[in-house]
Amino acid sequence: MSKSVLEVRDVQKTFGAVTAAQDISVTVPEGAVYSLIGSNGAGKTTFVNMVTGYIKPDSGTIRFGDRNIAGMAPRQITRLGIHRSFQIAQLCTELTVEENMLVADAIHSRSGPSFLRRAHDAQARDRAMATLERFHIAEHRDRLIPELSGGVKKLLDIAMAMAGDTQIMLLDEPTSGVASDEKFPIMDLVMDALRASGVTVIFVEHDMDIVTRYSERVLAFYDGRIIADDAPDEVLSDPEVQRYVTGAPA
Amino acid sequence: MDLAATILVDGLIYAGWLFIVSVGLTLVFGVLNILNIAHGSLYAIGAYASASMVGAYFALGGEAFPYGSYVAMILAAVLVALVLGPLLERGLLRFFYGRDEVLNVLVTYAVFLILEDAMKLIWGVNPYFVYEPYTLLGDVEIGPLFYVGYDFAVIAAAVIVGLAVWLTLNKTRVGKVVLAVIHDSEMSQTMGVNVQRIYLGAFMAGTFLAALGGALTAPMISVTPGLGVNVIIVAFAVVIIGGLGSVPGAAIGALMVGISRAASVHLFPEAELFIIYFVMAIVLLFRPEGLFAKTQARKI
Amino acid sequence: ADDTFKIGVITFLSGQAAESFGVPAWNGGKLLVDMLNEGGKLPAPYDKMGFGGMKIEAVIVDEAGGATKQVQEFRNLVQREEVDAVVGYVSSGDCLAVPPVADELKAFTILYDCGTPRVFEDGSYDYVFRTAAHATMDNLSLARYLKSRDFDVPSFAGLNQDYAWGQDSWADFTGAMKQLYPDAEVKTALFPKFGAGQYGTEISALLREKPALVHSSNWGGDLQGFLIQATARGLHKRAQLALSAGDHVIPQLQDKMPDGIFLGARGVNGLAAQARGGELKELTDTMWNAYEAEYNTFPVQAPFRMWQALFGLKTAVEKAMADNGGTKPSSEELAAAMKGLEWDAPSGRIEMALADGHQAIQPNAIGTTKWNAEAGKMELVDIEYYAARCVNPPEGVKSQDWLADGFPGAECD
Amino acid sequence: MRFNLILAAVAAFVVLAAGSVILPDWAMFLFAMALAKGLVCLGIVGMMRGGVVSFGQGLFYCIGAYTATLAANNFGISDIFLLTLLSASVCLLVGMAFGPLLSSYRGIFFAMLSLALSMVLYGSLSKMSAIGGTDGLNIAAPTFLGWAPEGRALQTALYIYVVAVVVIAGTLMRFYFDSERGLITLATRDNELRVEYLGASVRNVMTYNYVFGAVLGGIGGTIAALALGHVDPEFAFWTTSGEFVFVAILAGFLSVPAVFVAAIILELVRSFSSLYFPNTWQLALGIFLLVVIVVLPNGLGSLVNRRKGKAA
Amino acid sequence: MSLKLENVEVSIQAAPILRGVSLEVGTGERMGLVGRNGAGKTTVMRTITGLASMSAGKVFWNGEDITAMAPRDRALLGFGYMPEDRRLVPDLTVEENMLLPAWVNDQIDGPKGLEFVYDLMPELTTMAPRKALLLSGGQQKMVALGRALIAGRKLLLLDEPFEGVAPALAKRISEVITSLKGEGLSVLIAQSELSHSVDLLQRESVIERGEIIRVNVIDASLAEGA
């Protein structure tokens, strides 16, 4: 396997009496696709939050390339090329769908956002439209966020996260709330785009079909710990995982 | 008596007054999410109402039992709350719930302007005095200094008011239901909460507290137009220091401002004008959302 | 129209100063305007109708809102309402801001009330006049009063509002005291915020410091609040209170105002004017009685200053008309007539003696409060009257310098 | 697009400048003052787009006014261009000093902290009797590149100057609002977390807006001082700042011209109500305010510039 | 205990969201409401709770027209609503959040409801004293469900109850809901996916672009047989 891009070592995090991460160690090779599963409150989002700087671990290191990014600000980490989407879509609620895309586009424009270049410039709009079309949400482009249904919000959130040059993409429950017949097309779309540019992907998911289909390796969380870390089939047949996460096989 | 003790006593007296003035503001903000500029006018109206009521009380032969004037003062505040509370909340503010914070500030600013002139139309520009209640409780001698018993009664009133509001909000079901309404009035409705009653109740309570502040102050000042203007900014500062919506915060904010102001008057009178802003800036520097910041719900 | 003379009147109708100054002043003014328009109600030389036979019409504007607003309102009065003269301004800030504009617009303007000496000491204007003495006299008179009554002042302290009026008054008073009581120790100088309302801490500080005398130039609600709280805590028994401008709170406080306070009224106004008698008794009594009849209370300092302004304006208009053959005078003619003018008012003889005839001086009086239980009213006793030239600097001398140099050229009886 | 904007700016200049011929003296002065204040409000509008409202813009209004006055009185500078430039630079520096500090505050805390700053300036100036204390100072009429007009000519020159400054500042701000950074500002207002996670600095956005507001405030203050001929600490008092906020909200953040229209309307309403209702002008103003808020909750700007999307 | 929607129309800012939706949920019936994103499921739920303003149509509860009834009064009828986005009160504890409906409605037996919920989701027992604001997404979902179960004595409205919930728990929950049928409780579940237990639903209405396009009867015996 190629060299690792992300190396999480002995990370701990407690919130008062709750242990959200206990001895978390994960090594993710470049270009790999990992998925995180686990019971509710197991610490999956906390993991994502620590890698992306929203939460500072109590101890442990998170190495990206050759630097320790534990405790850096989200913005700095994003600029290094680690992007993420959110379990609860994070959108600019008073802007239209298109403008949300334009924001992402403007921030990532090569020369940095400008004071003079028009945000609604035709080229930028074309780029935004192209992205929206890829995610099948172009028809909503002129709508404001509160008018959108849950699923569309989710898609836009992912679309925004994918703007710019990414090295690692963390997706927090990308398909929850997305209608069942859309889940695979969406994942196909996202994964194809990411794989094509060699991006390393880590996604959190509760839908085991998605997990088995898209990930190379699965980390199962329970109670702040990783209880299994292996290929999907192995993990899903682990009795502990079945008991706490997936439920006994039907 | 040594200086420190004087500063403490003076500070406490001022803090007691400040707290009564501020706690209603913080309550209304906490529940309705409205920073009520008209709070100062309600304070002034409370003072006028109190002056009128006490005046009427003595005019109707209250001399026989002067302590009844305290009841008249509280009744005045109740009356203000009963009249203006529903009028403002049902008649105006409710149409702006959930709107932009600054827009609501503007709405209450308009109310403030209207009430300022309305007071003039009702009570004229001549001052009202009701000094009787102020001297009724006698003197308290602390060392070489005389204080008026009334000052300590105001502190006591502040403590009672503070405890009452805090206990209601934190230790009763009503208080917890209020929390639910504050956070999400729509969801509260679908759980069966009578949201309108909560809003109205909270606003009336806030109005009552503002008016009470004025009512209790009336005996020691001359009640004149423009009384409310100065109160607003001070109350704002206290509420900001304590953290918006927090009753213990308002208490500590009032204490900090009261005592630092007293220290400044005794030790460094030149700084008195700045002291409140100074305290506020220092607190905000270290705690950007005030001492008792509202806990933010987890977003991601 | 040529048969009416339109004045713009600016004074406080809202805010703190409305009750103490603005409203009583215009109450007095309105009364006088009505009396003049009716004609023959006043003793000579004021028995002619209106201003030189012209009916007086007044446009009134609220002074609340700050100097910026006042400059705009002034322009509106002159350019939009086309008033013939402007009479106004209680606030010193407004009095400083308006004159340059008045000159720019060539609009005849009378500052009727404000106190700061800076208006004409720092500037000079062709169309602007102040018909009341500036505030230096208030505090010097107070110091002179202490001296003339042999009052012992080993130490004194001050409580003044924290703005130019309070700061200047305290500076004037300490300046005068340095000359008259060089050994008196200055204890604390407190400057509570304007409109503070709560003086508990300040009173504690004053009680602790134990000065023999407490000076205050507070006015209005600030003064009333201070007096109520100070008397409740016995400050007046432990220190002599000296109030440089406090007469106007008497009608409201009545017996709540303790006896024995040294009290000024910024001129021989109110009770001191009534007690003075003499040549002006008829004029004073006429105005006094009319005011009392109309408003059920006696006139304090503010209406007196409004009266002296309007009487001055009347005199100037009529003088100008005598010079120009009886037509309505222009601003230039009015200014020429007003310059150096002298006239009688209920508050005494007003002389436009300073600032090249643009700034008035007037006599002053200080007295001591005494409650007359039988009559049920407050009286002023032990009144000392000071001639205008005893308490006002001579022409060409800045008041600060005059105080610092020990009042050279003062002409006291 | 750009072309249209510049065309609009030229048209605005022509229309406004025509006022110097049409308007009576008092109205020209009122307009000049309103436009000067409108500049300050424009700065607030810029901040509003980022989700914060400064209740202390009087700080820069006052610094600008005092800088010009002190420079004029002590160094004899009377040229209006120089004075404006000087005040703008001072405000730029002060803005850059406080901007980073304030940039981590939001909502009412930002408002109150900025208010505290301006109140400290107010308090300090009130205590400085050497420069007039609360009574303030006068400043002589400005000159225009050596030309020293008087009377109506002076008023006209000042008015044209304000109009020019307003049109230039308004155009620049419109450019900014429409730019990428302008859009990021709007995004910040909605969701800072998202903006940070896209890799942009929210503090940076806030600081820029604050600094722009500072410079605009300073220019507004300078022009107001020159027009009035007088400055006093009241320039920094909270009621002054409150009025700016008021205009900004009245205008809404959608349209630049709306800011100046709102400023003019407020001045007119206030002026006429204090004349016709000397005893109840506050009441009249309050009712006017309520009516405007009820009829146009998104500000005057929403009349001309509705955000698209609603009808989709 | 039956709920009936008749030709309900809802528009938001002139945009039609629901276009003549008719729907009936019988006593003790478990009805599904399925459709793609943006089809209008949430809006149907909000119509039933009274939060969405209808432009036409009627809502009946046991034959009584409740179209004009305020949300609060509907709650008092025994409707329990679990919104899609959870909407807990962050400053209250998990337990208080669930008890809230009982505090304002005397007909609800809070302690008994709690007991039932804790039985169903033992995970909640340990979370009970924690403030709701810091819970993970799925944990909040559990609390919101618990709250709806306590409030809903007659009608349960669950909007995407399994979204973001780990499969093990989702299974358990649907089993419990299935077991509620004996108590005469009607249930309406909005879902954008169908992968959960087939036992859960008896019928499902399929909604598309604001219209119910068909109603499927799910025959559990068939499913078992397959």
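As written, the chains take the letters A, B, C, D and E, and residue 1 is the first residue of each chain.
Note that in this section a residue touches a chain if its C-beta (ideal position, glycine included) is under 8 Å from a C-beta of that chain, and two chains touch if they have at least 3 such contacts.
Protein identities per chain, from UniProt: A = ABC transporter ATP-binding protein; B, D = Branched-chain amino acid ABC transporter permease; E = ATP-binding cassette domain-containing protein.
As the structure is a computational prediction, the values presented were derived from the model and not from experiment.
**Student:** What's the fewest number of moves from chain A to chain B, given that each move must go to a chain touching the current one?
**Tutor:** When the steps are counted carefully, the minimum from chain A to chain B is 1.
**Student:** Strictly by the touch rule at the top, which chains does chain B share as contacts with chain C?
**Tutor:** Both chain B and chain C are touched by D, going by the contact rule given at the top.
**Student:** With centres defined by CA atoms only, which chain is the most remote from chain B?
**Tutor:** Chain A.
**Student:** Based only on mean CA positions, could you tell me how far chain C sits from chain D in angstrom?
**Tutor:** Here chain C and chain D have centroids separated by 37 Å.
**Student:** Once you find the CA centre of chain A and the CA centre of chain C, what distance in Å lies between them?
**Tutor:** 75
**Student:** Hey, how far is the Cα centre of chain B from the one of chain E, in Å?
**Tutor:** Inter-chain centre distance comes to 43 Å.
**Student:** With chain centres taken as the means of their Cα atoms, state the distance from chain A to chain E in Å.
**Tutor:** Inter-chain centre distance comes to 29 Å.
**Student:** What positions in chain B touch 2 or more of the other chains?
**Tutor:** 116-117, 120, 270, 273, 299-300
**Student:** Which positions in chain A touch two or more other chains at once?
**Tutor:** Those would be 45, 87-88, 90, 147.
**Student:** Mind pulling the residue numbers of chain C that touch at least two other chains?
**Tutor:** Correct list: 13-14, 162.
**Student:** In their shared complex, at which residues does chain B touch chain D?
**Tutor:** Listed in rising order, the residues are 35, 92, 95-96, 99, 101-103, 105-107, 109-114, 116-118, 120-121, 233, 236-237, 240, 244, 270, 273-274, 277-278, 280-281, 284, 288-290, 299-300.
**Student:** Within the complex, which stretch of chain C touches chain D?
**Tutor:** Residue positions touching the partner: 13-14, 59-62, 65-69, 71-73, 75-76, 78-81, 92-93, 96-97, 100-101, 104, 116, 118, 123, 162-165, 167-168, 171.
**Student:** Of all residues in chain A, which touch chain D in the complex?
**Tutor:** It is residues 52, 73-75, 78-79, 83-84, 90-96, 99-100, 102-104, 106-109, 113-120, 140, 142-144, 147, 160-161, 163-164 of chain A that touch chain D.
**Student:** Which stretch or stretches of chain D touch chain A in the complex?
**Tutor:** Listed in rising order, the residues of chain D that touch chain A are 1-2, 175-176, 178-184, 186-187, 189-191, 193-201, 307-310, 312.
**Student:** Which bits of chain E are touching chain B when the two form their complex?
**Tutor:** These residues of chain E touch chain B: 49-51, 70-72, 74-76, 79, 81, 83, 87, 89-92, 96, 100-101, 103-105, 131, 133-135, 147, 151.
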